[in-house]
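In the two assemblies presented below, subunit A is common to both, partnered first by subunit B and then by subunit C.
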Partner chain A sequence: MGYTLHFGVVWASFDRLLSGLALGLGLGLAAVAIGAVIGLAAGFASVGPSPFWRRAAGLYVTVFRNLPILVIVLVVYFGLPQWGIRLDKVESFVASLAVYAGAYLTEVFRAGLLAVPKGVIEAGRAIGLTRLQTNAYVVAPIMVRNALPALGTTFISLFKDSSIAAVIAIPELTFEARKINVESFRVIETWTVVSLLYVSTCLSIAALLRALERRFPKF
Partner chain B sequence: MDYFLHELWISRFALAEGFLRTIEISALSITLGTLAGLLIGIALTYGRLPLRLVSRAYVDIIRGTPVLVLVLACFYMPSVFRVSLEALTAGVLALTLFCAAHMAEILRGALAAIPPGQTEAARSIGLTFPKILAYVLLPQALRAILPTWINTGAELVKASTLVSIIGVGELLLKTQEIVGRNFLTLDFYLVAGLLYLIVNYSIERLGKTIERRVTQP
Partner chain C sequence: MQPLLQIKALTKRFGALDVLKGVDLDVHQGQVVSVIGSSGSGKTTLLRCVNLLEEFDGGDILIDGEAIGYRTEGQRRRRLKDRDLSRQRAMTGMVFQSFNLFPHLTALGNVALGLIKVKGMAKAEARALAADWLGRVGLAGHAAHYPSQLSGGQQQRVAIARALAMNPKLVLLDEITSALDPELVQEVLQTVKLIAGEGATLLIVTHEMRFARDVSHSVVFMEKGRIAEAGPPSEIFNNPRSPRLIEFLRSSRD
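Moving on to the complex of A and B:
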């Protein structure tokens, strides 16, 4: 078993790991932002009056929640060019992650919408707001606050899913780690450090979100 | 279209083999992961402080690490200690670790939700702790986590695609091999996607049905 740990190689390329981590966070953030827009639209549609849009939203959620993210990434990056849709690596990954996130966020926002008390909506209508105004100024703020914890969980899991970008050679944390492994064969050290980086980032985001939730008390 | 159907027919055995491998990997890791997860979950809730800390660290580290990193780590790390794991073993190991951490956390939540009065009542009629666990706590907790547990199955089927990266010939890797031969990229990825969709949708429906049955009024 004469193996001595030697973290020097990892520290020497630590800045690469950190820039990979930042890229991963950026990918997750971009995906959650676009996904939230999709999720808001589909969430409102899924509780809306039109049966067609309700069905469409339901279908979207079922399909994208049940597909492995890796399959979505490969379809978008390698498959779509066949239909003339060419995206570069980062664009295609963000797009894949965003539609995947959108499906989860639709459910999140749907639950948040259903939890908005009816009386509040009626009150909004009673003071003369239009349907759209009620949704925008009354329902949405309460719903977003209701959805905040689940939104945060989704962001954390998207940040972890950003590791899959390594498969299409986007230089995020996992990709950099594999490169360091190939250069140095220090697998134990690298994976330990990388794993701890992921864990500590996830825990920090979770702590940040808890603080945010305390800052905005629940309706 | 004819060309696609022809190619699909040629590759039917490869797809079937990959599909079965995917099911095998998922079933194995959910079985092992659930067993381990239940033990860790009990340790997490009722263990003595050192045990609780160790299991908490395990759960947080595994849940905070992406599955892809787990898969790669399980594949590459043992070789340093002259233990060579086959890709399949490493993949199942990674997914088992992942599943166990999730199960432990889910079980902890369910156990914590049982009112403490029940444990007190059980103790006052003279049950020992293992008996309380077996006859009072676990039956209720397991019933409560059943729907979530089934959804974990779908998560594992999705996560099993990641072992294609270390070269396990499951559905996605088989699909990639087929695509490499005939260049029908979109078509065959969509076929694979459809298969995953069917499996996971069935699991989801099953979960919903069972949820309706076990939900206590």
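Moving on to the complex of A and C:
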């Protein structure tokens, strides 16, 4: 019993896969952008002077890093409307992935912050920078440089998590692939092409971040 | 004339350990004062208190007559707010044992950052002044280099330029040659002699006895959190009185 590969139907729907990929990238980017803001705030809080904010940041990470992204997505999309909070599909998914991303990015930034030499922070204070200025002009740039390799891994992982949006019928790459599957029964062909699209996109993200890393001075 | 720096009955504890047990010290405008003593005597802590990097428990530090770090409300002593502490820190410059340059900025960027963000200078003006200072410490050709591309001696000279460009009233030098390879010590000490010759007010913690003797107007010997002996270098080095100083000088000559 041979199975003959026929990629024809996949190519015929290739534009749908590409638009799905673009949507997935958009979802991932939006979530990472919001998550990075949350992660920066919580990361600084987690190494900051206030015990209250340190604990709050720790609690946030504990909750959202230990929930599967699928559970967060389902709770936000189906659960929150029960409390009167109604978001459309895309908003709901971006919010879910953003709080999830925020928890991981908090840890990435926290590790980067802990690796900033204490003496360099003191040097910033010694020339008269305020605490806030020292964080902005001295600590943050060094932290980002420290965190870049781990950031790359996290970004890639979050982009792949955009496939979870399929469960609430957002037409991103995985959702489109399932539809093409159902229409054509070309299981292997569809998922082969989709896998190649995911892999090549992730490799591109990795290459972009490595290029960015090279632009930073070596410490 | 009122001393530029007045330290009065300064005390500082780390937990159960009394690091400073009542230190009194005046430094006048244009004076170079060196603090010597064995490690653990409290020298570095004293400098860090003056720069407000360390909190202190009792006594006062005044710069130009202004009490720094704390205000008194009735009987209570309160640490000042961050903004006031930052303004007071800018009155002093600090050069650290381990250089502590900003690794993400070039030599020029290191010197210019404070000028732009603290002094509010325009970028072009700040960069010109920073370049000028790098020239004065003999690093005109290294403005575009990052700290990781510079030798220890060069990094420390950038740190000196960074501190002095801010035009502080007083410069604190904390064992600035201790982390350097022996052959790089002299270039840094020459730079300090240069700025001392230009009339900068310096408070120096050092293990370089010859340097302390050459550059200082006054030398202070610290022992167990107190000033055990103070005087002009000729007295301290040629005619020490306390047995501990005599012993210290003998051991540091080896």
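Throughout what follows, the second predicted complex is superposed on the first by the 218 of 219 C-alpha atoms of A that agree within 3 Å, B and C clash if a C-alpha of one lies under 4 Å from a C-alpha of the other, contacts with A are read in each partner's own complex, and residues count from 1 in each chain.
Following the convention adopted for this analysis, a contact is a pair of C-beta atoms (placed from the backbone, for glycine too) under 8 Å apart; a residue touches a chain by one contact, two chains touch by 3 or more.
These figures come from a predicted structure and were not determined experimentally.
Visitor: With everything superposed onto subunit A, say whether subunit B and subunit C fit together or clash.
Guide: They fit: once the shared chain is superposed, the two partners occupy separate space.
Visitor: Which holds for A:Asp161: it touches subunit B only (first), subunit C only (second), both, or neither?
Guide: The answer is first: A:Asp161 touches subunit B but not subunit C.
Visitor: For A:Arg110, using the defined touch cut-off, is the partner it touches subunit B, subunit C, both, or neither? Pick first, second, both or neither.
Guide: So A:Arg110 meets neither subunit B nor subunit C here.
Visitor: Check whether A:Arg125 is in contact with subunit B, with subunit C, with both or with neither, and answer first, second, both or neither.
Guide: Once the two structures are laid over each other on A, A:Arg125 reaches subunit C alone.
Visitor: May I ask you to name which of subunit B and subunit C touches more residues of subunit A?
Guide: B
Visitor: For the overlaid structures, how many degrees, to the nearest 10, lie between subunit B and subunit C at the C-alpha centre of subunit A?
Guide: Once the structures are overlaid on A, subunit A sees subunit B and subunit C at 110 degrees.
Visitor: Taking the superposition as given, does A:Pro68 touch the first partner, subunit B, the second, subunit C, both, or neither?
Guide: So A:Pro68 only meets subunit B here.
Visitor: Applying the document's definition of touch, where does A:Pro141 land relative to subunit B and subunit C: first, second, both, or neither?
Guide: Second partner only, subunit C.
Visitor: Quick check on the superposed model: minimum Cα to Cα separation from subunit B to subunit C, whole Å please.
Guide: 26
Visitor: Pick out the shared contact residues on subunit A: the ones touching subunit B in one complex and subunit C in the other.
Guide: On subunit A, the subunit B and subunit C contacts do not overlap at all.
Visitor: Tell me, which parts of subunit A touch subunit C in their complex?
Guide: Residues 117, 119-120, 122-131, 133, 137-138, 141-142, 145, 216-219 of subunit A touch subunit C in their complex.
Visitor: Show me the residue ranges of subunit C that touch subunit A in the complex, using the header's touch definition.
Guide: Listed in rising order, the residues are 51, 53, 82-83, 86-87, 89-90, 92-94, 96, 98, 100-104, 113-114, 117-118, 146, 148, 159, 162-163, 166.
Visitor: Provide the residue numbers of subunit A that touch subunit B in the complex, in ascending order.
Guide: 1, 3, 62-63, 65-72, 74-75, 78-83, 160-164, 166-167, 174, 177-178, 181, 187-188, 191, 194-196, 198-203
Visitor: In the complex formed with subunit A, which residues of subunit B make contact?
Guide: Where subunit B meets subunit A, its residues are 60-61, 63-69, 72-73, 76-77, 79-81, 154, 157-162, 164-165, 172, 176, 179, 185-186, 189-190, 192-193, 196-197, 200-201, 204.
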